[in-house]
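Please read through the structure below; I'll follow up with questions.
A, B, C and D label the chains in the order they appear, each numbered from 1.
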């Protein structure tokens, strides 16, 4: 029985590179893969782009109202070896369920890449459903400014750390929003020094 | 820097056995451990009991209103090598945060054992916060009646599969409630054959 | 396709407890398991014994000259759900290959528990073949006297650390041989303070 | 205390891509990394090259007679955040020990990327020492022609599967040598259909 995989990490951990490598590995074996991405991630439009300088067009953009099972209905009749999803944290719970059902009903592996937690240290909707349903997880590693393994995504607005604001705020769209991957200790230090308590 | 660990699994995966083994390993090295358990788990009262026939008294029972940082304040001044928590899925978000802070502020490792998802396939409050904050996860494995690795906890009431009812319903208290660890495929089959859709 | 698993750790990490828990989990589902152990491990004779106080008779003891495929030939015709092997580091390469073939040819999972490295920090014959062939590894954790995770097994003879002597020397048989699970740093400190260089 | 990591996989699993991504992640944080490679890997000379089309010059090539501790002596006095090693399976045991000592004595993490087993399904010298000494392993995944996860590297000479020949035989140098990553079942089928028994 095929599996639903979740490969997660903090921001800038190399998720897109890992996804593009996996697509390449399948295709070297003459296998067909499908690349999906939620439309809400407007950064690279209909491309998956790695910071290492490689990129590739996605096969389908997913809207909030899309039923993925329905959307892929025709494609699944072809000989698909794997479905790869970028920025899967932005998918709805029901869309992650669709992907899970594809693994069990069509016996096609689905590998979701995504960020685990938002700038408050809370699971995104898609990540939560993936941690509930996925058969296997793996963490992609990136580092904190202190050199340790980063687990959190600190949001800085105009250079100031904050845990207040919209859950989704794409960086790079305005100069003042920036994310820094951080280890637990550094993130807690920021919380304490800003009188930002996690539970309010 | 010490870590917060989450060792999770489906029901009956051997969490209590693993916890008691870890306590034993520390104590063989003349280290002091503290054993905690939420009071809501009424099955073994103030004991941690393994189905293999071993058991041990917990050091502190945690109530819903307890601030764990405050509660352990005096104990943390002693030379504690590890804190072990059973049934951690039943802790509140804020209590998991307390445990996380202990690892970073007191440099004491905390190992939480717990069930990941409830009978609907959704994260418990404590498990959700652990998946957000823990430095390391590991899955304890148990098996589905089909022989595959179990990920879900199916609830049967009077022999009938259901996804309706209270999130927490301790088995063994009344004869009619029973849980069966299940793999994804078997759980999905149950959902489909009962017209129980996950998202309603 | 069934998998060959290797669950390894330093000495006293709880391998036998984990094995007995797994056997229990299968049998709770009315599945049949087979328990194997190399005869060379003379400590508990034909039992698998956990330091937590539980024990159980093994189904078959394996001698150095045994062909496991041949030995299990009749048993494999029955409905076996899992084969569990204790002290698998002491098996020969060819015996590990037999277990690997059982997973692929008979579609029966085999879970081997064992110590990874000897007191010199080198793989045992069985562990080496398992790391070559196993489909999945997992480390069972125990701790160093310093409180960190132990990876090595330091041998002390009459209280003195040594890396000289027979590869296999069962502790407890004579008072003067004792093993201490150690982390990398403490093991390296011992090597350096004893002028015991790893590569000679 | 810093760790020695081993990220291994079958051929073409994306090791070089992963290494280059890790270097990038450190440098984005203004950290200095050192890239090493054994000279024996003559494919890309003094570059680390990913099949995705990215590449980078290594800082130091390692010869068989090199003592890495001695070689890096001056560099280690600088502020190095991480040492990254490609094709680490080709290093000698003693060279892996040098890298291990660097993690413990200089507190610098070392991440070794490499192939686990040769075309006979046996550990390379460097991989063996890494599996003995590394603090953490992770498998990089690639796929078998059958679509399953590949664990083995089958060698084909003039289109014929073989387990006979030199341990190290770089592909691409002559047209007739080719490697195919394979899952356990497919590799065993090849062994059986070629009357190539693993243990001879």
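Basically, contacts are C-beta pairs under 8 Å (C-beta built on N, C-alpha and C of every residue); 3 or more make two chains touch, one makes a residue touch a chain.
Keep in mind that this is a model prediction, so the values were computed, not measured.
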Centre to centre, using CA atoms, which chain is the farthest one from subunit D?
B
Equivalent interface positions on subunit C and subunit D, same or different at half:
same
Magnitude of the superposing rotation for subunit A and subunit B (Cα, nearest 5°)
180
Compare the contact pairs of A-B with those of each option in C-D, A-D or B-C, and report the one where over half match by residue number.
C-D
Any idea how many Å lie between the Cα centroids of subunit B and subunit C?
28
Please output the residue numbers of subunit C that touch at least 2 other chains, ranges allowed.
none
For the protein chains shown, what form does their contact graph take: line, ring, star, complete or other?
ring
Please name which positions on subunit B make contact with subunit A in the complex.
1, 4, 93-94, 97, 100-101, 103-105, 116-117, 121-123, 128, 131-133, 135, 137, 148, 151, 183-185, 188, 198-199
Quick check on the complex: what are the subunit B residues that touch subunit C?
12-14, 17-18, 20-22, 24-26, 28-29, 31, 50-54, 81, 138, 141-145, 147
